[in-house]
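Following this line, the structures themselves.
Here come two complexes built around chain A, the first alongside chain B, the second alongside chain C.
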Partner chain A sequence: MIAFLILLLLICGAYCIVVTRSMIRAIIGIELLIKAVTLLIIAAGNMTGRTATAQSLAITIIIIEVVVAATAAGIALWVFKRTGTLDVRNLRNLKG
Partner chain B sequence: MPSLMILIPLFGVIILNLVFAVNSRMKKAAFWLALAIFSLQVVVAVFHHPALWNDSLGRIDSFLNVSFFVDHLSFIMFICIGMVSIASLFVARYGMKDEDDIFKFINLLIMASIGMSGIVMVKDIFSLYVFMEITAVSSFLLIAFPRSLESLEGSFKYLILSSIATVLMLTSIGILFLAAGGTDFDAIAAAIGASYENALVLAAIGLFICGLFIKGGLVPFHGWLPDAYTAAPAPVSVLLAGVVTKSAGIYTMIRITTSLLPHYQSVNNILMLVGTISIFAGALAAIGQDNFKRMLAYSSISQMGYIILGLGTGTILGIAGAVFHLLNHSIFKSLLFVNSAAVEKEIGTSDMNRMGGISQKMPVTGTTSVIAFLSTCGIPPLSGFWSKVIIVIALWQAGQYAYASLAIIASIITLAYFLSMQRRVFFGKLRAGLENLKDAEGGVLTVSVVLAALTIGIGIFFPFVFNTLILPVKEILVR
Partner chain C sequence: MTIINIDNALLIVTAIAAIWTVMGRSLLKATIGLAVTSAAISVIIFRLESPLAAVFELSVCAGLITAVFVSAISLTKPLTHKEILYASKDRMKRYIYLPVILLVLGAALAFVKIWPGLVIAAPAAASQPEARSLLWDFRRLDILGQVIILLAGAFGIVLLFGEKKNK
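Up next is the complex of A and B:
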């Protein structure tokens, strides 16, 4: 059951990143993927009987992920200020 | 004591923001504080007296609940991190004129160096992830520093790919946690040794290595690297090319393959294959570039390939060669990026079609960049020659004749793109409109000269450097 949930979250996140053209949705996709992994670590802790370790690992992941999400949102905000949209198709200036 | 390598810069950042942020004169002094921190790091790593490293800090360590360890590989990485951070600091002071910008930059630079120092000291796969994220987040912010559309684009691409690498590695950590019941390197190595052929464990190893390939910018996963290097402001390019990808990708790969997976020949085969593809793809892509920094970025990918190729042999000589090339590459590639920063600042562009003959007007920059490029191509007696020769000999001894020949052939392509770069940028007739060009400031020139001197010095005193600094690294194999 838990494996199914993890897999579902992973597929949702990956689909979200691949399909979307909006920066915010890409960030949400990343968040979904990391949520899936957090769930995996909690499940692993539950199965091996090390819930305390798994708990501390999960909390650490959540903290770090918030920092990454905030940074990503900040970058998206500045792109919005510069171009007026959040479309990733605007981010095609670097080539070669 | 190893935890001081984290604690001193951390308190440095706190002091920086409590004491030095009050007025503009103090903000100028922040440069010297950062310089002192990085110099201290280089000095204690070069004279690594055992008494300094073996004691723990007792109460502080037990309060923080950390357990770091250092070996000779960590010392080499400390030297690289400190040296490249100093170079980046000088380039920042030269390139940025606004004091507030420099102050913010110094904060982020110290944070990034804390993350990298952590990466090279951990003995726990989860702490490795934590420090990698500290480095990565500081790098995102540093790349996006000018807040121009290009830099935001480069930063966002890096962020997305780095997050995907994080997800891959965390999945792998979760599976290994399930198999080993802990996240210690020792526990995981024992679990991997016990469940040798388990499909889940093999998948975890594969995912982790893919994550490291993304972080290190090796070829199937290199999409973010040229964009990030090109879009980043000059001092950040120095830092990224010099140490960030090396400590987050390559160092970790060396550590993981030697301490967790010593018996997987298939991993070594994958490393050698990816290394060779990176060498060729990076070098061939570098030939076609018009942008100075972008060409250097592709050249970086190509040189990373050599390191991974050496690592893939799995022998002591191969790993020593890989570590030696890592050290040399972080010296001469930061030198090239410092030079590109000087050229970009004086001319106002990094488009190679608008340069030409600037050696006449910028003699120091021109000369040092010739030294760096000869070293990259592997011309004796410069440092790059020795590390490449060691890698090729290690490949030959391991019976990988095809890979050894390919590594030599790729050197010729390296020579091709660097000669083309030198001709278009530094040699030849001075391009019209550049008559009033002058060389960079004293600080940057000093950094260039010191890095060039190191390149020559390591090459000439090769036996001494190799025996005292590089060869002790073999202890990571017999641990």
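Up next is the complex of A and C:
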């Protein structure tokens, strides 16, 4: 069951990133992917009897997740201020 | 054996919330779906004997990240009626494949019978320190890295969210 849940979250997150045109929704897809990885680490820790190590790794992932989400939301807002839209297709016109 | 036990209920709630997060039309509803997914995952993590990580998941992911997304969405401009009509026609074509993929995956997993219970009997663990002592005694460098990342993130958010003052 846990394998199905992890796969479901991975597929939902990857599909969201590939298909969406909204920057906020792309960040939500990244969040779903990170949640799948967190769940995978906790499940692996539970199966091997090393829950303490898995918990410490999961806490590290969660902290990095919140920083990634906040910084990405800030970048999305910055793009919105510059272009007036959250459409990722506008980023194709960037230099570099 | 009952079919609807807490594990199956958690699976169903998480699956519906994750699919709703991806397929929902409104960004605000997608954010709420993400929060519900996080809350359900935190219960699953608690059931997997990791209460400290479950508390972090619930407070940070279901709480703080939702607040960040809602504030980011509130600072953007809503779509016009014409744009909503155009987007709803277009998005149906793009998102229709997700339920099909998930149904095929579920059928494949049911066929190969990979459906063990959520809580798998763990092998007898050797004497292992608690999560708190593991974090503070053995993984101090991780804590330092997390603090640096948090400070860097806060600095980046102040730069990106903050508006320039007109001179």
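Throughout what follows, the second predicted complex is superposed on the first by the 93 of 96 C-alpha atoms of A that agree within 3 Å, B and C clash if a C-alpha of one lies under 4 Å from a C-alpha of the other, contacts with A are read in each partner's own complex, and residues count from 1 in each chain.
Everything that follows uses one rule, which is that a residue touches a chain if its C-beta (ideal position, glycine included) is under 8 Å from a C-beta of that chain, and two chains touch if they have at least 3 such contacts.
The structure displayed is predicted, hence computed values, not measured ones.
S.K.: I'd like to know which partner A:Leu40 touches here: chain B for first, chain C for second, both or neither.
M.R.: Only chain B is touched by A:Leu40; chain C is not.
S.K.: Given the touch rule stated above, what does A:Ile30 touch, chain B (first), chain C (second), both, or neither?
M.R.: A:Ile30 contacts chain B only, not chain C.
S.K.: Considering only the touch criterion stated at the top, classify A:Arg50 as touching first (chain B), second (chain C), both, or neither.
M.R.: both
S.K.: Looking at the overlay, what does A:Ala73 touch: chain B (first), chain C (second), both, or neither?
M.R.: In the superposition, A:Ala73 contacts chain C only.
S.K.: Identify the partner contact of A:Leu7: answer first if only chain B is touched, second if only chain C is, both if each is, neither if none is.
M.R.: After superposition on chain A, A:Leu7 lies in contact with chain C alone.
S.K.: Check whether A:Thr60 is in contact with chain B, with chain C, with both or with neither, and answer first, second, both or neither.
M.R.: Touch status of A:Thr60: both partners.
S.K.: By residue count, which of the two partners contacts chain A more extensively, chain B or chain C?
M.R.: For chain A, the partner with the higher number of touched residues is C.
S.K.: Quick check on the superposed pair: does A:Gly84 touch chain B, chain C, both, or neither? Answer first, second, both or neither.
M.R.: A:Gly84 contacts chain C only, not chain B.
S.K.: On chain A, which stretch or stretches are contacted by chain B in one complex as well as by chain C in the other?
M.R.: In the superposed arrangement, which is not itself an observed complex, chain A uses residues 13, 43, 45, 47-48, 50, 53-54, 60, 64, 67-68, 71, 74-76, 78 for both chain B and chain C.
S.K.: Tell me, which parts of chain A touch chain C in their complex?
M.R.: 1-5, 7-9, 11-13, 15-16, 19, 22, 24-25, 27-29, 31-32, 35, 38-39, 42-43, 45-56, 58-60, 62-71, 73-78, 80, 84, 86
S.K.: Using the touch definition up top, name the residues of chain B that touch chain A in the complex.
M.R.: 126, 130, 133, 136-137, 140-141, 144, 147-150, 152-157, 159-160, 163-164, 166-167, 170-171, 173-175, 177-178, 181-183, 226-227, 230-231, 288-291, 294
S.K.: State the interface residues of chain C toward chain A in the complex, per the touch definition above.
M.R.: Of all residues in chain C, those touching chain A are 7-8, 11, 14-15, 18-19, 21-22, 27, 30-31, 34, 37-38, 41, 44-45, 48-50, 52-53, 56-57, 60-61, 64-65, 68-69, 71-73, 75-77, 94-95, 97-98, 101-102, 105-106, 109, 114-120, 122-126, 128-131, 134-135, 139, 142, 145-146, 149-150, 152-153, 156-157, 159-161.
S.K.: Please give the residue numbers of chain A that touch chain B in the complex, ascending.
M.R.: 13, 17, 23, 26, 30, 33-34, 36-37, 40-41, 43-45, 47-48, 50, 53-54, 57, 60-61, 64, 67-68, 71-72, 74-76, 78-79, 82-83, 90-94, 96
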